[in-house]
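Residue numbering begins at 1 within each chain, and the chains themselves are lettered A, B, C and D in the order written.
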Amino acid sequence: MTAVDAAFSGAMRHLDAVPPDWPGNEWWHWLVFTVICIAFVLVMIIVVIYVERRGIAFFAARVGPNRTGPFGVLQAIADAIKVLLKENITPSNADKLVYWLAPAVVFAPTIMIFAVVPFQNGAMMADLNIGVLFVIAISSISTIGVFMAGWSSSNKYSLLGAMRNVAAVVSYEMPVVLSIAGVVLLAGSLSLNDIVLAQERVPFIVMQPLGFLLLFIGGCAEINRSPFDLMEADSELTAGFHTEYSGMKFAMFYLGEYGEAVVMSTIIATLFLGGWQGPVLPPWLWLIVKILIVFFTMVWTRATLPRVRIDQLMAFAWKFLFPLALINLLVTALEILAWPGDLPLYIIPLNFAITAALILLGSKLFKVGWGRVEV
Amino acid sequence: MELRTEPFVLNIGPVHPSTHGVFRMRATLDGEVVLDLDPVFGYLHRGIEKLAEERTYGGVIPLTDRLDYVASMTNNLAYVLTVEKLAGISVPERAEYLRVIMSELQRIAAHLVSVGSFFNDCGAYFTPFLYMYRERENICDLFDMVCGQRLLYNYMRIGGVSQDIPDEFMPALKRIIPHIRGRIDEYDQYLKENEILLARTKGVGILPRDLAINIGASGPVLRGSGMKWDIRKADPYSIYDRFEFDIPTGIQGDCYDRYRVRIEEMRQSLRILEQAVAQIPAGEVRADVPHLIRPPVGEAYAHVEAPTGEVGFHVVSDGSIAPYRCHIRAPSLMNLTALRDMIIGWKIQDLIVIFGSFAITMGEVDR
Amino acid sequence: MTTSLSTREIAGQISERLPDAVIDAAGTAILVNSNSLLDVGAFLKNTPGLDFDYLTTITAVDYYQYFEVVYLFVSMEHNHSLVIKTRCQGRDNLTLPSLVGLWRSADHQEREIYDLMGITFEGHPNMKRIVLWSDFQGHPQRKDFM
Amino acid sequence: MKFERYGIGIAKGMRVTLRNLVRRRVTTQYPEQRLVVARRTRGNELVWDKEKCTGCATCAKTCPQGVIHIETSPGEENNYTVEKFEVDTGYCISCGLCVEACPYNALFMGYAFELAKYQRGALVLTRDQLEADGRIPSSYFRPELDETLPEQTLLIDRKE
């Protein structure tokens, strides 16, 4: 048996395990859940677009879309039809292949993430034992699509927006991952299903208030929600990376943008708010309710806050969120070492105190330089 | 490995969400940093100075509406003051009060627009903008009641104002003053102390006091730089010497100071309004001036403190029914003189904020 | 109240320093020789007691035989003002010294006068058209422009 | 940038927006809900009183845009007969100077404002259109008409 054979059989052994253990061990499972995932994402996108448009409008003392359907609920569908009928314009200097590919690259990952999100105990497409890792990995892919779009449009606004997005996502990946790591430590598993099950006693938001804040802020930055929406920055870059896109390709970006918002809300809801857990209502409804609560908070911040500057954005990630995330991870690890097994509930006030102290300390120490560069 | 980089040129405008109209800035950028800036004017040039030479003195007033179209009243006032100075016309007492009331209402309305769009430039997604517009609507209602339009008022006349206010005006104004004062306080809570806004505007776009004077800046831009200069105090026109008010000034002349000066000016305007409402006498609102007025040969310059700064008209008369020359001192244009100096070295995002803090109106810049 | 300084008095002061500068000081404005405009400007700005630090407005008026350019100076320190006039004879190749070096507020205004009236300001760093496009023919604010 | 105030400013701002979330909307749904415009509205039309007009053409002289076109012929009793009275509302800037100038109170600003047309030519109001009934004059410079018009809706009076 040569070394090649050994390697081959080793690889085959891994291949055996490739379809991971389906929950329920039914072969049709993937088919059903593929449909469910896609449908769930698309429906949720329509819902959150409605929530966003009406929410922003209500915050801004307006009424928002209210003409299509009762209370304007069909506005997203009307927009979709309109956008489908629009002409697809490709700039003459565009890098055609990349230009065409970018919208798909942005949109596809948002659906893929839902493969590991549990809608109920075990009701998920694949209970990956590395679920959290999968989420982090896949959610970063759309950045590549954004950069492809910005680069290929041969538009300076697009390129600036795309560069900003790459910089922001790479920086904010750190605090996001570190704050998720705290949850993983608490749950003792990377599987999202196990993490949700571990929150049966209390949701992790009370065990990890700092982690929740960090994930929320970092998540907002990663999916380019205000106040970190620098890649679109409508008052500066007109529309950022998708300035040149029109028709269905623009719609894909639009869907992708809200898809990412749904994904981030889902991750936050799953990791910190107890996912599908909850009394009375059916589990999937609890999940949706929690997603909408998180999303509404995002709408609220978007309606309220001005936009930060790019250097402040980076400084905020590296000088404020990153150290806090590290300390948060350390504190969590120490707590788990100190109380093996289930953590006692009296550490909840302790955690809140630590959070407050850390935020105060971080705020005192945090400082960014002046934005001016000598030229 | 060293990467070869080169600066690139970005055209901001003339059609861009944050250029307050059709302004174009040709920015040379190194990544995000602005290396050079070349403002390009003229996309809204309508030749108002030339048009004014072919109209009667009264017919120029609608043209002045279209200069700074968010503050038509003060433009009207500046023009009619000039012609009155030229022709030596005195204005009835009640008309003077009405002019003050209208100018101060206009100042509040224009500052609300300026501040709202400044927040919008900072990236607060339309919410503060619409709040400000909501309060401005109250003032537009009053203007609508008085002169029948909400934007281009054409209210001032040579020798007074076009017509007296209706009976329901004063009660409405008395209700609106406290309302707006409360709302200004509320919106101060909204963004005055907001950390992100402070980070974006404090220390950004500093216009030093000496430079501000040297470039001929006026209005909130000059006062934001710490110069206590307000035409209403320095060279009181109309009846401004009868009212008690303060001149708010900034400290270092950054974007935040300019924004704060605007807010404080609104409060002072409300003070003036309260005094004017209490003092206004009854009587005529228009002096007996012929429709086709022929001022004597000569020239006159009169200026008012408009929301954007010192609006001045330099009218030369040759004794005919039309001005021989009507030059407009446009504060927005002058305030932009130092734009390049203030922006170089800052990021492109700051460019939008600094530009927004001037609150220019293109109708006035290009005329 | 901004006080208008007595033109005769100031004209006397200017004449002491710059003998040929003042042509006429009878009216509300001092008419100065266009060649010595820059010197007069420097005198007005730098003389203690005058300190005209603020150039409010520049107007050019077309009188067919000549163009008159009117400068309105204000001193924010002393709150007084002064009007200076200067003239360009003829209709072609008109030049005046630029005051941008002394008051930068002249920058856009002189460009505008160049654009609309056709008076070139020597020493202006950026003497280009401002409101009209660069290859526009003529100067529309002139009285003979149709 | 310093977080000297630990995000209190942000929290305050969030509170203000939340308070505004539950406030009554001030925007109206235009074609269904209508506000009453001011009595002095300078709408985009003119109302002309044939009886009072003497054809003096003061309005045409005053109009800064020159959109009023009057042709008259000498009448019987030392007066003028108006042959033609046309207003090109496409060029009208609704300044109201013609109404102010009219010495015989024969010209009024119109109260209507929904007069968009599809062709520029249709914007020229001919004498027949100006005479037509059903056109409401506004009380701009004609205070005697105040009583005939409804009271203006004020934003300040609408409940929050």
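To be clear about the criterion, a residue touches a chain if its C-beta (ideal position, glycine included) is under 8 Å from a C-beta of that chain, and two chains touch if they have at least 3 such contacts.
These numbers were taken from a predicted model, which means no experiment stands behind them.
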Chains in contact with chain C and also with chain D, listed by label, are B
The pair out of B-D and A-D sharing more C-beta contacts is B-D
By Cα centroid distance, the chain farthest from chain B is A
Note: chain D sits from chain B at a C-alpha centroid distance in Å of 25
Distance in whole angstrom between the CA centres of chain A and chain D is 52
For the pair chain A and chain B, the C-alpha centroid-to-centroid distance in angstrom is 44
Averaging C-alpha coordinates per chain, one finds the centres of chain A and chain C separated by a number of Å equal to 62
Among all residues of chain A, those touching at least two other chains are 59-62, 303-305, 312, 368
Residues in chain B with touches to at least two other chains are numbered 127, 131, 134, 190-191, 194, 196-197, 199
Within chain D, the set of residues that touch 2 or more other chains is 1, 3, 7, 10, 13, 16-17, 20, 26
Full set of chain pairs in contact is A-B, A-D, B-C, B-D
Within the complex, chain B is touched by chain D residues 1, 3, 5, 7-10, 12-13, 15-17, 19-20, 26, 37-42, 58, 61-64, 93-97, 100-101, 109, 138, 140-141, 143, 146, 151-152, 154-157
Interface with chain D, chain B side, in the complex: residues 55-56, 58-63, 65, 127, 131, 134, 137-138, 141, 144-149, 152, 154, 162-163, 166, 168, 172, 175-176, 179, 186-187, 189-199, 291-292
Residue positions on chain B within touch of chain A in the complex are 8, 10, 16-18, 30-33, 35, 119-127, 129-131, 134, 190-191, 194, 196-197, 199-200, 203-204, 344-350, 352
Per the touch rule above, chain C residues touching chain B in the complex are 1-2, 53-57, 59-62, 70, 72, 76, 79, 83, 103-105, 107-109, 112, 116, 129-133, 140-141
Interface with chain A, chain D side, in the complex: residues 1-4, 6-7, 10, 13-14, 16-18, 20-21, 23, 25-27, 29
